[in-house]
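For clarity, chains are labelled A, B, C and D in written order, and residue numbers in each chain start from 1.
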Amino acid sequence: MDFSDTTEEAAFRMEARAWLDANATPKAHPNQTWASVLEDKTRDNIVRLCKEFQSRRHADGWACLHWPKEYGGRGCTAIERVIYGQEESRYIVPRGVVEIGQGMAGPILMKYATADQKARYLPPMATGEEIWCQIFSEASAGSDLAGLRMAATKDGDADDADWILDGEKIWTSGAHYSDFGITIARSDGAVAKHKGLTFFFIDMKSPGISIAPIRQISGSSHFNSVRFDNVRVPDAQRLGAVGEGWKVALATLMNERVSVGEAPGPDFEQIFALAQTVELNDRPAIENQMVRSKLAHWYCETAGLKNTRMRSVSALSRGETPGPENSITKLVSATKAQDIARFGADLMDQCAVITDPDLVLGDGRFQQSYMQSPAMRIAGGTDEILRNIIAEHVLKLPSEPRADKGLAFSEIPTGNVAGETGP
Amino acid sequence: MNFDFSPEQELLRDQARSFLAANCGAPLARKLLDGNVAAGDDLYRQMAELGWIGTGVPEEYGGFGAGGLELCVLAEELGRGLAPAPIATATYLAIPLLLLAGSEAQKRKYLTPLVGGELTVTIAVNEGPRNATPRNVATMAENNLITGVKYPVADGARADLALVLCADQGGGSFYLVALNEPGVVREDIPAQDPSRPQAKVSFDGAQGKAVGKPGEGWALLAKIYDHAAVLYAFEQMGGAHAALDQACDYARARFAFGRAIGSYQGVKHKLADMYVAATLAKSNCYYAAWALSTDAAELPLAAATARVSATKAFDMCASENIQIHGGMGCTWEVDCHLYYRRARSLAVNIGSNLVWEEKLVRALETRPEEAA
Amino acid sequence: MDFSDTTEEAAFRMEARAWLDANATPKAHPNQTWASVLEDKTRDNIVRLCKEFQSRRHADGWACLHWPKEYGGRGCTAIERVIYGQEESRYIVPRGVVEIGQGMAGPILMKYATADQKARYLPPMATGEEIWCQIFSEASAGSDLAGLRMAATKDGDADDADWILDGEKIWTSGAHYSDFGITIARSDGAVAKHKGLTFFFIDMKSPGISIAPIRQISGSSHFNSVRFDNVRVPDAQRLGAVGEGWKVALATLMNERVSVGEAPGPDFEQIFALAQTVELNDRPAIENQMVRSKLAHWYCETAGLKNTRMRSVSALSRGETPGPENSITKLVSATKAQDIARFGADLMDQCAVITDPDLVLGDGRFQQSYMQSPAMRIAGGTDEILRNIIAEHVLKLPSEPRADKGLAFSEIPTGNVAGETGP
Amino acid sequence: MNFDFSPEQELLRDQARSFLAANCGAPLARKLLDGNVAAGDDLYRQMAELGWIGTGVPEEYGGFGAGGLELCVLAEELGRGLAPAPIATATYLAIPLLLLAGSEAQKRKYLTPLVGGELTVTIAVNEGPRNATPRNVATMAENNLITGVKYPVADGARADLALVLCADQGGGSFYLVALNEPGVVREDIPAQDPSRPQAKVSFDGAQGKAVGKPGEGWALLAKIYDHAAVLYAFEQMGGAHAALDQACDYARARFAFGRAIGSYQGVKHKLADMYVAATLAKSNCYYAAWALSTDAAELPLAAATARVSATKAFDMCASENIQIHGGMGCTWEVDCHLYYRRARSLAVNIGSNLVWEEKLVRALETRPEEAA
């Protein structure tokens, strides 16, 4: 049991570190974010900086680590990706624009697109010249994503007739600045839910696409809704066979799950620091044993997640497939973030009602996290879905009987489809 | 045995609930969230007309002379109806403090216009990011001239009057200060629950009038907090039930995988737990209402018990309501976040559960022998 | 809002108190139990004392409060029963032998038995001369009681032919000393689960009945298993129509649910006292704020349950039907009892491993409760079943789709019926 | 990066698991529960033959000179296999204490027979119902004659030797006492987990030999407890996984309402939560194993973290395992209660989480700056 790299891993780590040293600034403290040092926080500037950095990465051979070299990637092993990630996490690096395309759309294109399409789309995706987004969820299809309703209709009987897309999607990151998107729609409502879906990639400038930001409960808008009104898509932009869209989508969802990390927000170190700062009944809060017991609990969770990830990296290093670590990480860390935010507020007592970073302890991050953490417990698999996954995939418990089993999609009970009309 | 509100009190509840449903609720809260700080003014005047502000005020000062039970009923409905107005600060804290400690002349001068809604009043205790204890209050009164900085002050940017807690040799003293007079500067500060606005109020030699005897300020505050804890608990419990109702409605209506999500035990058991928490809080509130209305010796214990239970119940119901709504619950358009914000704002007003759990156990330790 | 009785209630309370004063000893402290003052704790002695006390009760008109007077009861209202219970709880009273018969079997007989049977069986049940038990559960039919498998077969084609019972029941209290029992068996496996059951009362001395104690994890045996080998039961002892046994049983289960109270075991006052007694890191544990926070939590639950019961009594006093208070009480108090037992042990630190009442604080009751509380979370409705009941009956949430719906009992999947063969 | 046990260590695990499955587990625990106190003697001798007792003992004293990692692997399997023998007390606490503080002569004299299983040893610290602190230890040693009463002492009625903590002016001192010599009276006391028997041991002028320097007793104990916490955590974590496995097996096999109870979210989500707790505990145990085996400065923090996580995980898995088994889980015949008893007994050995949470936070407060 030791934490040292193999010779090859150590060499790769040195190489990565050297490149990062030459191309990025080390963080001043572990929780420093790119956003916090960014002077011009406009979307345009963020997109510009991300594209620039990606271009440098690509020029030096550090783009798309997991992609094959022929498409502009580096062809890294899983453990090399982890090592690069460990090193990069110590630097301030522009993030958040190219990842969805490279992580989700790229692998799909590699598997389902024609050689010409790959040659056309993958290189500019790798360089960051062209940005891709993922357009999957619908208001009435969240956990039950395969229940989506956007219609894909053939415009005529020809085998290669265009498709017409009609419907509304939500929770799309980066729709505004993306050049292309991958999406999935229902091409046949008369067959079973999973059987009637077809997968496409689309040009985001196609007529009929309208994009609107979704305001979240925190007040900010990190996602969009994307409306499709009679959007024409050439059959050549179909990925996978007609009706096989669910199989195609599943592959991207697996990619998504692997990339989910610990929920952001004040972490153990920040609540520990707050407890050392604030007073409770005229004594430092850190002296209060109830506070200490909570801190012990969160430290155990935090260390447990970190050590679980190390065991996972260790398995990767041996060439094994990682286990359910990401489900555990998200399940535990999202609730932990919400609990820490709430407890931080309790520690601040009456002053916690204000959010002004200059007047409230902890720069207002506890208040911010309180408003952001509910989404963490939902996005990328709700607490409930994650528990199902752990129970069924790891513990091999039987799945629930399905009320929609064997039914044509159009016959599946939907209630009043509350999601579409508001509760 | 009649451990329940009377038919007359239930009538008041019905009236309050329909009034608030028609004139308040999420639509009004949203106006305040969108920055329309004056949106609640009309509602406040209407509440005054309905006699709500003066519910607990004797008739001789323009009030209705009703007891604490009526205030409890109103508080529960204010919680359910997401009431944004400064009615909580006035009726739970400031007016009871005036009644308890004000001179006869002060009561005569201020209570009638307060009850009528012509004047509004708040209470200014906190001084920044520490819980309010004698060590943490530095605002001074010299020759009735007040100097210091108070924040957060609920509704402080719009209230006409404030009861300001000042430090002195002994136990602190309250002063009544007109906030629109010289020597007072106030600014809105961004709040987690903008439908309950907060302000920073700076006093620089502002004119104040002592309320109560010198040095009894902290003792008065403790007494008023016990009183207010019951009403806050009712408001929280009302909010918890409203969030629970919203969650149940959604769980019945929203389908996934071909059936209502409320039919899955993952959702169903969560809702059962929310109901249990809200019910225990309600029952503890009822007992505290009895203690409040009879000024029983049990009040400190009963108030802390109601407060602790109701804080937990509202926190739980408000956050799990979002969870049950899934992605939609995280959008601005769906009302879940209004309860979620309110839950937190009410949880720390008059002190968080870290403070109230301690008060509860201290009350238990000083119980008379036979009660144990 | 007040806690005083109406004039009628006050009069009844005085009358009850006077009778109790004349016939029982007041408790020395609220948690004193009959068992703790009993010198001869043998089963025979317990049964004898209970029968004696019941006989006195009956002679003075205080037996079977809820029964009509014609069968030897008192015909009390619901609020009168509560008042009597409040008064009786302040006295040491023999308990635990006659209650099941009077609470479950009696009402069933009143509804389903012939006039002759009522005349024969109800009076000695009321006086305590004859003891009845309830024989329902089976190892493979717990929460899913209607899945029971004991076979009831007609011995011949005559309408009034005898029935032959074959199978094994568990969780029967008092089977050894009971004279009669009520039971339910499957008379038809070819129809749906709830349709093929028939209800009987039986003479416990019938040939073919064998009774064995079930040892619980605490080491004690409060229940029995009852084996039926070819037990002959006259058709006249059938209660309700053939195949309608479930309807009959439901009525008794409702009676059972109403009678479930708070789980026994060290309560708030006892953990509070322990925290005042024991030391933690050389200081009284009561000074530790984590301990204080736990105490506050349990006090809130304890007070919440008590105040919920008072609201319920208040509703009874107005003649209303009580709500789900009993489900809430059992759900909260069983887990609370387990948590308090565990926390009490943590407070006792290393000494908590021993159970000797003379060497361990709290007379060993925390250790005892640790072993008994798991059953509290299961008997009379598991935590999970109680949550279902609250959610479906109070919150009107839809029930789950039933995998056994529309199936004949014999076709319902049973897995390996683990319960019958051990896990 | 190799944050895992080596193939050789995994081989040891396989060997231990099959040995314990064949010779120990529930059947042996039940013999002890039924009062057959000698039932574990054979097993203990076999373990000694397999070299387990001497795993962490240098070869010069008859041991195998393996490191802490091998002990961790064994401890996890002892937990899984419900091992009843005094191996825990000997290998987690007493032998490490002898190795740490014993004189060369003492080590030469005692370790070889201990490793070989010819002698057994326990540790006697507690004196009744208070957690063991200098204030609460009154047993005295005068001229190496020991007087006082110790309980609970694990395996105290059958062990040959005990390391007895005695009070003195300074920090306490350990004495090695032969328990079958004059001046020692011992009696079994009923235990919550009879497969881990406890005794009351009274010393009345019993002959003792000082182990370690005078006055370093409490410091030694703290050090040994940090060491032992890692091993107890592994044992608890092994027990948690065994209880989880039992619960999963039952949830897959037991049907209600026509389907396996493990298909209901009420059961499924509970099992997922148990798995998460057991997994976090396991990962924290691994880190603590690394700290133990390298004698890293992080050991006190890592040990407390593993201990606190593992105590919670085993408590949870053991009690919810019963809940999932329903009524059957409450019967003596089904094995659930063996884990449930063991979970509690391990939870308080070497101090409950009230003590270990405090140690954890104290370790955090004294972390070197850069670690934060």
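Convention: a contact is a pair of C-beta atoms (placed from the backbone, for glycine too) under 8 Å apart; a residue touches a chain by one contact, two chains touch by 3 or more.
From a predicted model like this one, the values you see are computed outputs, not experimental measurements.
More C-beta pairs in contact connect the chains of A-B than those of the other pair, out of A-D and A-B.
By residue number, more than half of the contact pairs of C-D reappear in one of the listed pairs A-D, A-B or B-C, namely A-B. The distance from the centre of chain B to the centre of chain C, with each centre set as the mean of the Cα atoms, comes to 43 Å. One finds 39 Å separating the Cα centroids of chain A and chain B.
Computed centre separation for the pair chain A/chain C is 52 angstrom, with centres defined by C-alpha atoms. For chain A, residues touching at least two other chains, in rising order: 288-293, 384, 387-388, 400-401, 403. Looking at chain D, one finds that residues 252, 259-260, 264-267, 269, 357-358 touch two or more other chains.
Across the interface of their complex, chain A is touched by residues 125-126, 128-133, 135-136, 151-152, 154, 189-193, 196, 198, 200, 246, 249-250, 252-260, 264, 266-267, 315, 319, 322-323, 325-337, 340-341, 344-345, 347-355, 357-358 of chain B. Taken in their complex, chain A has these residues touching chain C: 288-293, 401, 403.
Touching chain D in their complex are the following residues of chain C: 137, 139, 142-144, 147, 170-171, 214-217, 219, 278-282, 288, 290-291, 338, 342, 345-356, 359-361, 367, 370-371, 374-375, 377-379, 382-384, 387-388, 400, 402-405, 407, 412-419, 422-423. Against chain D, in their complex, chain B makes its touches with residues 264-266, 269. Residue ranges on chain D touching chain A, taken from their complex, read 1-6, 69, 248, 251-252, 259-260, 262-265, 267-269, 271-273, 275-276, 279-281, 283-284, 286-287, 289-290, 293, 304-305, 308-309, 312, 357-358, 360-361, 364-365, 372.
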